[in-house]
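Presented below is the structure to which this report refers.
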């Protein structure tokens, strides 16, 4: 099992999920099984984490030929970029199974499949393998929202599914193109990511392929203006689905940009980075503004999440080590904080049977533990120093300033925008006088406290002592940055060359 | 001279098409199709004469056999339709649409 | 010796933080069951600050034994984060400036903790309060001791958070929470400036090390324009935290918190962080005098405006709040004219007398059962003698009556302004000094003199327990004597504070003749006398709630600045949010998607019509297709 | 001759089996249920024979028999395998279908076998008249199967439409054959190939015209735009197992002969690429747009069948005629067949007596009462939509990669766009099955056959996708 | 010369018959008109030296197939009232001609390129039963064989579709 530690982390949950789906298991049995499996994955994950060296390259590589005629291999591996997204999922999943006790077995099965698929997408070293997991991870979400969602669930399901599938199918076209281009250039078939980087792409088709990739990831992240599926899906979806979507799946979009777009489309990436960066920062502000107008706390958190994703995305496009590392760090930080917030929102919704902010109030007095936990997650989400949220945001702003002062300054406004709606919501939900609805609010149970504790500890530890995490991220980020710098130099050299030609 | 035969074949063929697309009577339509097959047969036989090869005759014969089989089935279908609706208007049979 | 100091450096902020965590955990684990006794919490809460105070004193003495040029102790605890050329370590630095700061921060903090034991005795969430207070003190110490801007920022935001938590402490009342929100948000606006300033500073000279020592060493590499930008951005941060124009609006509202909070956070410590920061970055400000000019002007204008407000307030804490804003304005005027040590010295004295005044006000409020309107008090002199006397000391110090501490520190600033050629600033400063004397004594007279306005409250009023009065007395002594630490040479003093701070801040020494000095001093005293006299005439014999008209009404309503901000920023923000959410997002951003899906459905319906169900029509489709292709193929033949 | 015999063994088995079934039926010696089992046996046997010949067949894949009118290649063998598999599963699901829809006759199985016989011959045909007759055998059998339910007026309508348009197309095929005969003095594929190779395609106008009419006939049979209009109505009118059979086996057979004909020579193919390019685009989009508005599952599947034809046409455009192996087309056909047959198998026991449940709305809440069936249908739909890791995805993968490789990037992108358009109507059924409450219990007195068939096919969807197949 | 005249006569007849087929409202009239075409075509076959086909056309087509059709028309006893109204027939005809014209042009273009040749009667047994039969059984055995299957299927079809047997025993 330890030779195939990543495979185990991928397929253990998937197989468990399928078994749950195919066999008649009781609700509690399903939950117990899910919990056991997710803890087992967590143990594997910790083993992986401790064994991870962090030299910048791929580790724990598994490579098997799958479709030899098309060069499709079963390739898995982790590096500093994927490690933390993988770990975020691994650490967070047991919490869900501890918290949500009342759902049917399909709920747990879908979550397990989502977990496995996401791990697969993050660790895949082959474009086709990645694409397979990328699509598969959407399916459980589709079913989760559709089966367990709120009133507008069907519209929300359709919107997210069609939107994301449209994006990913365009990416698929681009993947095909890459495969063929590789075959044309090197005479062999391969979809290996490392090999792909050797591709020389130019011309309109390359730009189109770049757009195909970026569109898929922009929708998943979601980058403004492709975010419109998000509020509906996050709001209508059950808490766990929202959690999975916001905490991990959106991050895989960011991850994919770093993993695929930067090495393969280096030239296009550098050329269009400014536009993307603007989109990121506009999205941050736009969703931040939209969040203040929400009367529904889940939708508000949805917009807040989108707003933060804008900042994280911005970090990708600033093309310096600080911003990129910041983004990667923030991925985990945001996964923990926003993930926790959505879980809290789920608990709130489940116990109060409402999503309206106006219906709530005074919960801090009824449930101090809940309020405190929520506050910690909230503060991390607004980037308070000492919590995990600060480090990433600071690094991104720092990097953004270097890249482009205007973008950097706009990015800085996230400090203000985030805090406005969060405090406003916190005031109306947790402070003020309680009403007959919130009067009966039950504080977190021991199991729930246990479930949240790792998340909160992670938030604090990552805020106070982030260096061990950064140390594992940075070398991989540096490789990407070097790729970018190399590309920029090449582009400059080309421009220079063309310039001299013109002069002559 | 050969061209005259072929022209006739084309004319008959096109009249067959015309019959299919302009008429609603099931019988007329099926007979128009037979007309098309006959036009093809004429072409076969003309070409056989052109190449002085009797393969064309064989082909024409086979086409006649196919036409016979089709006709048999078509007539069975006509009877079936007549049983259902009592009329032979193809437009009446438009329950499946949209 | 130095090892001990290093050891202490790490421990000083940790002490209150440990207390906070401990109290927090105890509170959370027991909040649903049996509570620990309040006394336990009280003891736990005070241990941290007191220990920190002792250690701070140790550090101070150790530092004092070192030669002047080596009075810097740096203790790097661990590498906080390091990315590329950015290398931030969690480090603490004690130099004359920070050691002075921690000294009085911990001292006053400890006193206020002790005071709170009495003040908060009836509170239901006693532990929570002390948890927050300890957390605050810890953050404040990180702010002061941090060895670089980023570490400072941790404390900076930490104190902001605690300020928020404590302002909205009585959170069942939404106005308190709103005040907390306002404080946090306005502070965050300032923080944006701070962060951006840091970012620019880093990219300019931070690659070799982003702590004060390296920055100071590399400051000369900084281009003038960047230096200006950084200075101004940092000052934006300072205006947020230290409640200067235009971000002062949160501080008066912050009085919603418990009074010890107001004393500790909104008078003595946190609000002075901005001044401390400007002094910290004096190595930058001296390179761009224009920036200092702006700082000085903002400061003195803030002092003026808030003094005007202060003259018309009827809430005892609001009066003090505006006086705080006003005094902070002085401090900025001081640091703005490059008289850093004067500014810091005013921070030092102000901490004593303002904490004293707030705690005194707290005693009054405590005695009056949480009544804060001065027009409902009156004649309390007899009922609360200790409070009255101590507050009187505070008032005298605040209004700059010689030889109370405020006189020396304020005069130092005014003198520096005058001597460095900022005559207008000096003139306004003198005017404000008179106004300060007026509103301070207006408050004292209305509250303690004359006839009681509310008989029932008056009858129940009584002197608070010693746990509250002892800190008052201690602070009063401080307020009385603190000025002598920096006795000007004119009076035969040695300017101990200024010379102590010498290695840390790059003071611009303005020299003037003794006559000038006497003149400046004299005008200050004159201003005090005038202000005091007017207040005495109007209020000493008792007065009724006045009806404000004209300018007074305008000033009473704080120039409608809150309303203006609401109109200019808050409402647009909300309406932009609403527009984006209600109109823009569904129609414009989501418009293409909606259009596409509508089109999709419409085309689908249209194609249903094409499937007519008539077999002949299908044949026609086929023939049309055939004939089109025939046309095309015909072209290819020949 | 031995080898020839071996190669033809599946055809012989099927033909003989068909006659046997017919005879037994004529004398009333065979119960309906046993007829289905016999039919399955025949297909199974033929499948085994075909598989043997495919896996361990003679080393020389090209083998002419009957005066060069038939040719067996790896391509035809695999196509035959797909056809036989389709026949097998159709027989299997028909058995359950006729438990509730009591118009089944023993002749039904005989006709399916006859149709398969025609299809097998069609795939192997290497001469136009043989192809024509095989096509007619296949078509006639299918016409009869479509109109098998005599009491059903829509069935009659469907058979009328299909027969009329099919015969109409047959007229064109005959004319096309005549033209080619006129131009080349022969109707054999080899002659055509060598004529094109030596003179070029456009050199002989009669060949151009003939090929045009013949290709038109093929395009009609596979329902390419604008010759597609019949397919929706005919699928709608016929009984479910027949629809499944028609959609899969017939398409496989026609595409096999289509590819065989088109790939005779690069020149021949090259002349048609432009037309096929536009036709495939129009077919994909036309099919999608028709499918969007449909309320009936069968009609939706029919329209989606048009879309899949479009993809197959892309493959035809893209594959190179020089080294034609047809693997891309075959893989796609197999993937499509598995999922389509699967969904029709599921429908054949879920739609109830008289196919009362035919609309999307009728399947609301299926997942609540019959979770496994719903899951299987979902798998099939996802496969059709091309979601990994199903076979449909791999099929699309091969098609699109081959298109890009052939330089047809536009076609590839439009193919992807089309599959985006198609998501909605596939998801719609899934949403109906899963996200609504059940109105009825979906009980049926079905035998185990159709559900078993569904299960096998659901597994097959993943099996042929994940198992590494070297194309 | 005579052959040419004969050709034109027969051609005119066959075209007229075909036009009659598509214009006559009653299928019976159409069928009769179609028989004229078929017989004229038989004559054409004779002119083209297809002796066997001449006979087959007359016997199988004009004789057998058409009698079957006529028989069914009579069997169904079609009255005027049973016939579709077909109001816009003229429009369809004109439209149809327009649509078909390109196909006809295309075909004519092809035909024109074919080599001409004379149509004199070929001797030497061309088109006679024996020779055609030889070719049929030697070269065209397979199509011939599978035609039988086709007819078998048609037989079953006729029985199943139009048969009397009750369903669902």
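Order of writing sets the chain letters: A, B, C, D and E. Residues in each chain are counted from 1.
Operating definition for what follows: a residue touches a chain if its C-beta (ideal position, glycine included) is under 8 Å from a C-beta of that chain, and two chains touch if they have at least 3 such contacts.
Remember, it's a predicted structure, so these values are computed and weren't measured experimentally.
Where touching is counted per the definition, the chains common to subunit A and subunit C are D. Put simply, the chain nearest the middle, going by average C-alpha positions, is A.
Set against the Cα centre of subunit C, the chain with the most distant centre is E.
Chain pair with the larger contact count among A-D and B-E is B-E, by C-beta pairs in contact.
Per-chain Cα centroids separate subunit B from subunit C by 97 Å. Rounded to a whole number, the gap between the C-alpha centres of subunit A and subunit B is 65 angstrom. The distance from the centre of subunit C to the centre of subunit D, each centre being the mean of the chain's C-alpha atoms, comes to 78 Å. Subunit D and subunit E, compared by their mean Cα positions, are separated by 31 Å. Each of residues 129, 133, 136, 140, 143-144, 147, 150, 159-161, 164, 168, 172, 179, 182, 205, 208-209, 232-233, 293-294, 424 in subunit D touches at least two other chains.
Touching two or more other chains at once are residues 6, 13, 16-17, 20-24, 29-30, 41, 46, 50, 55-56, 62, 66, 69-70, 73, 77, 80, 90-91, 93-98 of subunit B. Along subunit A, no residue makes contact with two or more other chains. Which chains touch which is summed up as A-C, A-D, B-C, B-D, B-E, C-D, C-E, D-E. Residues of subunit B touching subunit E in their complex: 1-8, 10-19, 21-25, 27-28, 30-32, 34-35, 38, 41-42, 45-46, 48-50, 52, 54-58, 60-62, 64-73, 75-80, 82, 86-92. Touching subunit D in their complex are the following residues of subunit A: 21-22, 65-70, 128, 131-132, 135-136, 139, 142-143, 146-147, 153-154, 157-158, 161-162, 165-166, 169-170, 172-173, 176-177, 179-180, 183-184, 205, 208.
By the touch criterion stated above, subunit C contacts subunit A in their complex at residues 24, 27-28, 31-32, 78-84, 86, 90, 150, 153-154, 156-158, 161, 164, 168, 171-174, 177-178, 180-181, 184-185, 188-189, 191-192, 195-196, 198-200, 202-203, 573-574, 576-578, 580-582, 585-586, 589-590, 593. Contacts from subunit D toward subunit B in the complex involve residues 129, 132-133, 136, 140, 143-144, 147, 150, 153-154, 156-161, 163-164, 167-168, 170-172, 174-175, 177-179, 181-182, 185-187, 232-233, 236-237, 293-294, 299.
Per the touch definition, subunit D reaches subunit E in the complex via residues 15, 18-19, 22, 66-67, 69-70, 102-105, 107, 110-111, 114, 117-118, 121, 127, 129-130, 133-134, 136-137, 140-141, 143-144, 147-151, 159, 179, 182-183, 205-206, 208-209.
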